[in-house]
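Consider the two complexes below, in which chain A is the common component and chain B and chain C are the respective partners.
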Partner chain A sequence: MAGQSNPHISIFSAPEVEFLAEDEVVEIVPNIKMDAVNMICGDFGPFFPQIATKVPLWLAVALKKRGKCSIRPPEWMCVERLTHVLEAERESPREFQPLPFHYVEMSKLLLDNAHEDIPDIYMVRSLIEDIRDVRFHKVETGLETISGRTHAVKLKNLSAMEVNIVRPFMVRALQAFYKHDSPEMIQQPESTVNRRAQVVDRGPRVSPCDVEVTGSSPRSSLLQKCKIRETCDPVRLLERACGGEGNSTPFNVHQTKNDLGMRHMDQSIKCIKCILLSEGKLISVLR
Partner chain B sequence: MLSYYDIDDILLGEEPISVVFQIGANGVGLLDPGSETNNVEKSAKVDLPFWLAHELYLRQAVSINVPSCYSLKTRKEIQADAACVDLRFRSPYFYELGCKLLPLVADKSIGPFLRYAFTSRYKEILCKSHSITGATPKFSSKLTKEESLLLEAARSSMVAFKKWRVGGSRLEKASILGRKRKPPMPTQPSGS
Partner chain C sequence: MEAKSDVDLLKRAWRNEKAAPEILHFEAGLVQRAREQIQLLEETLDEFTENRSDDLVVSLYQMDLDRALFLLRSYLRIRLQKIENYLVHISKTNLWNRLSEQEQRFAKRCIEIMEKHLEQSVLSRLPYGYQSMLKQSISSDEDDMVPEPQLDTFVFCKTKSDVGAFQLDDTGEEIVDLVADDLYVLRYKSIRGLVDGGRIDLV
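For the complex of A and B:
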């Protein structure tokens, strides 16, 4: 992805994510008359006093700073909606509530720059903080379920900034688990069976035909987007395993039995280890 | 993940490995401090850096002993309380070395053992990683290289986020701008 400060590890810095969020469209009410502005990203305006119009957030903030408009807060940014979201977040420990993809960044920009346009600003600010904390706590508890058998993590409805915070940790953790669970590392030759017996009780052993996938729905897009080098049975099995479930719990672990060995399976799903987020958007593909 | 220019991969090669020579070697007495002649005798036990041990193993000149950090004692300690074991003291490249050693030694139980150790220590790292903000905590001195990179990844992204949230100007001043200009050199004999 272009524009990252560190292209090697595919990490965005927080200001870079904020930059991306500034393309979100908001409604403003100008208090000036101005012709349409023609930008690379599109034409906005013309602007007439007291006639609401839609512009990207960066333009809204720029006009606001010059006192040329007032910004209408997005409809999710009101006390009732946010209270409702917070309650729902607290009630469902395994599910994220749908919020705009850039809600963290948008709320920061709006609260900083347009504080007089937002009713109950203190309440809104603290509600958003609370929602973010509750959601992040959920992410952390979800990360606990990652194990050597996790090949994909689906984070439905997680927002850009939240993903950005956990991405470095999660990518590294998945890589490490993948390495330690690779068939080269976990050999089970007959000659060492007795010796292995002392290790067996040490940890949760993987039965060789367990496949574990996290998440659910738009799995076909995942399979299309990831490069699948060999279309063989394990992939189809995996597809069935993932596509079959209709619920939307993040970090949900589904297990499928199949009669193929872990080794065979592992090679075919090597390439689809990835981190997904809202609605199957593919953000980062490992391998 | 590891590549030719990876500094950790290079440093990993320096880890001492105990080997037993399968053949006598002339003129390499400096490898064996106990040797009186300039030779290493057959079935002598010598500590070699991993890169050398690996090369000699491929030439069937030595056999490799499993290092003490994968011994039964360590395994028992890991089993008892994985998070409290000081793995950095045993070997900062505990996991990487284990992965590289696995094809070279007969004891294949290292693989599952490494996975068990990582899985159980991962929980400990996870529950602390995103919450620490200030100084690095005490337990981080017990982590191996791989684990501390994991911790650092989480910590730095959280710190960066908190910094962004507190705010400040998005435009950063280039470090060169704040600097005062150097006073001109007093008497530079220029070759004009």
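For the complex of A and C:
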């Protein structure tokens, strides 16, 4: 039907993101002699024992698995640097520290496949996990600031995997805000009261003939609309069903005062908790 | 700008295609070059197996080949998926010119089959006035049964170089300064020109 689109079409799967990360270049030290290889994705080598050379990550992992080389961990993957990043990450709640775009996937691949090449591997692993947690918490708190007037969100230094995780929710939230804040959705408060009740019953779809653009403040009329729906709001019920205003999860977007609109404007948005529950994948990633 | 290999370019095309709600221009030259390289490598691999070359080298080349093949297939597949979803819309607008020849053939046949199927299974049994595949009823002025891509959606994108102050809406109230190598979430509609011109990458 018109207006609907497949919500999954534009989402990369985690293996696809990893595929992209595997083209990042790392340094290896081969222990064999091998001629240069001329591949579709580039020319690498020749390889001599004990002489470092640069190859894409997938090639490095392939050689490593066969015991033909050791991988030099990238500069940022050492305890010193990561500790520094984690500290900075904690100190500045408003911005993300610069890390490679694929740092999540790269560190996973390297930690899984080249554990003996990374010094202080346990420390490195836990530091990276901490950094991921801190960063994702920032993303979550950042979501609270999205409002109807949000036309653009700038996420400097957010990494590929983080983008992929937050994408479904972020895009749907922004879309809903955009849709409900557009002038076509704002109706005459006085003359269309009866009509509005009907419209509201039908949910977010408003046919163009019901629409009248007025000079009234978008906020006030949206709030009026919200009131009508408050009594039998399915979102409210859902919210109660999954623990009400409880604070058992770290996601507190739906508890803030200034997002009233978010809860009531669109059934399809629900509260973030419900969305995260319904997308079981997401919640497992977050934990 | 640094020189990029065809695989890098294909990767970018694939990413953009996957992230964009509507179908983008078909990268004819790029796909052609990728195909040639893949074919060349396949031939080389055949030679290798005949000459019983080093297993390690062969397996590495094989991996490289598989990666290129995956990229190419996934790119073509995501386009076919979009064509299937927005069949009628694409055929009725100038999006049609964005398809390759083969894709146009595919779309034409797809429409024919779809029309025939709907006609036979449903439409012919409906009362007069409701028998169109494109309109809800004969009184509709426009084709209101045609699925269209949602251009109002938001996309994640990365700027390649400084774009400068960029206007997001028609009225000019919303302006962002797009700085090089930054990540933004923007409305697709407002940046489609930049995507088309290759000044911004979707991620």
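As a convention for this text, the second predicted complex is superposed on the first by the 177 of 287 C-alpha atoms of A that agree within 3 Å, B and C clash if a C-alpha of one lies under 4 Å from a C-alpha of the other, contacts with A are read in each partner's own complex, and residues count from 1 in each chain.
Definition applied: a contact is a pair of C-beta atoms (placed from the backbone, for glycine too) under 8 Å apart; a residue touches a chain by one contact, two chains touch by 3 or more.
If you're wondering where the values come from, they're calculated on a predicted model, not measured in any experiment.
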Which of chain B and chain C A:Thr145 touches, first, second, both or neither: neither
Partner chain(s) touched by A:Leu155 [first = chain B, second = chain C, both, neither]: second
First (chain B), second (chain C), both or neither touched by A:Asp23: second
Chain B versus chain C as contact partner of A:Ser92, first or second or both or neither: neither
First, second, both or neither for A:Arg167, with chain B first and chain C second: both
Contacts of A:Gln175 with chain B and chain C, given as first, second, both or neither: both
Partner chain in contact with A:Ser13 - chain B first, chain C second, else both or neither: first
First, second, both or neither for A:Arg66, with chain B first and chain C second: second
Touching both chain C and chain B, counted on chain A across the two superposed complexes: 167, 175, 179
Parts of chain A lying in touch with chain C, wherever the complex brings them together: 1-6, 9-10, 12, 16, 19-20, 22-23, 34-35, 37, 39-42, 58-59, 62-63, 66, 68, 151-158, 160, 163, 167, 170-171, 174-175, 178-179
Residue ranges of chain A touching chain B (in the complex, touch as defined): 11, 13-15, 18, 108, 112, 136, 140, 143-144, 146-148, 161, 164-169, 172-173, 175-177, 179-181, 184-189, 192, 195-196, 198-200, 202-205
Chain A contact footprint on chain B (complex, rising order): 1, 75, 79, 95, 99, 102-103, 106-109, 111-116, 118-120, 122-123, 126-127, 129-130, 146, 149-150, 153-154, 156-158, 160-161, 163-165, 167, 170
Chain C residues touching chain A - in the complex, by the definition given at the top: 5-8, 11, 15, 18-21, 34, 37-38, 41, 54, 56-57, 59-61, 63-65, 67-68, 70, 74, 78, 81-82, 85, 144-150, 152-156, 168-169, 174, 176, 182-187, 203
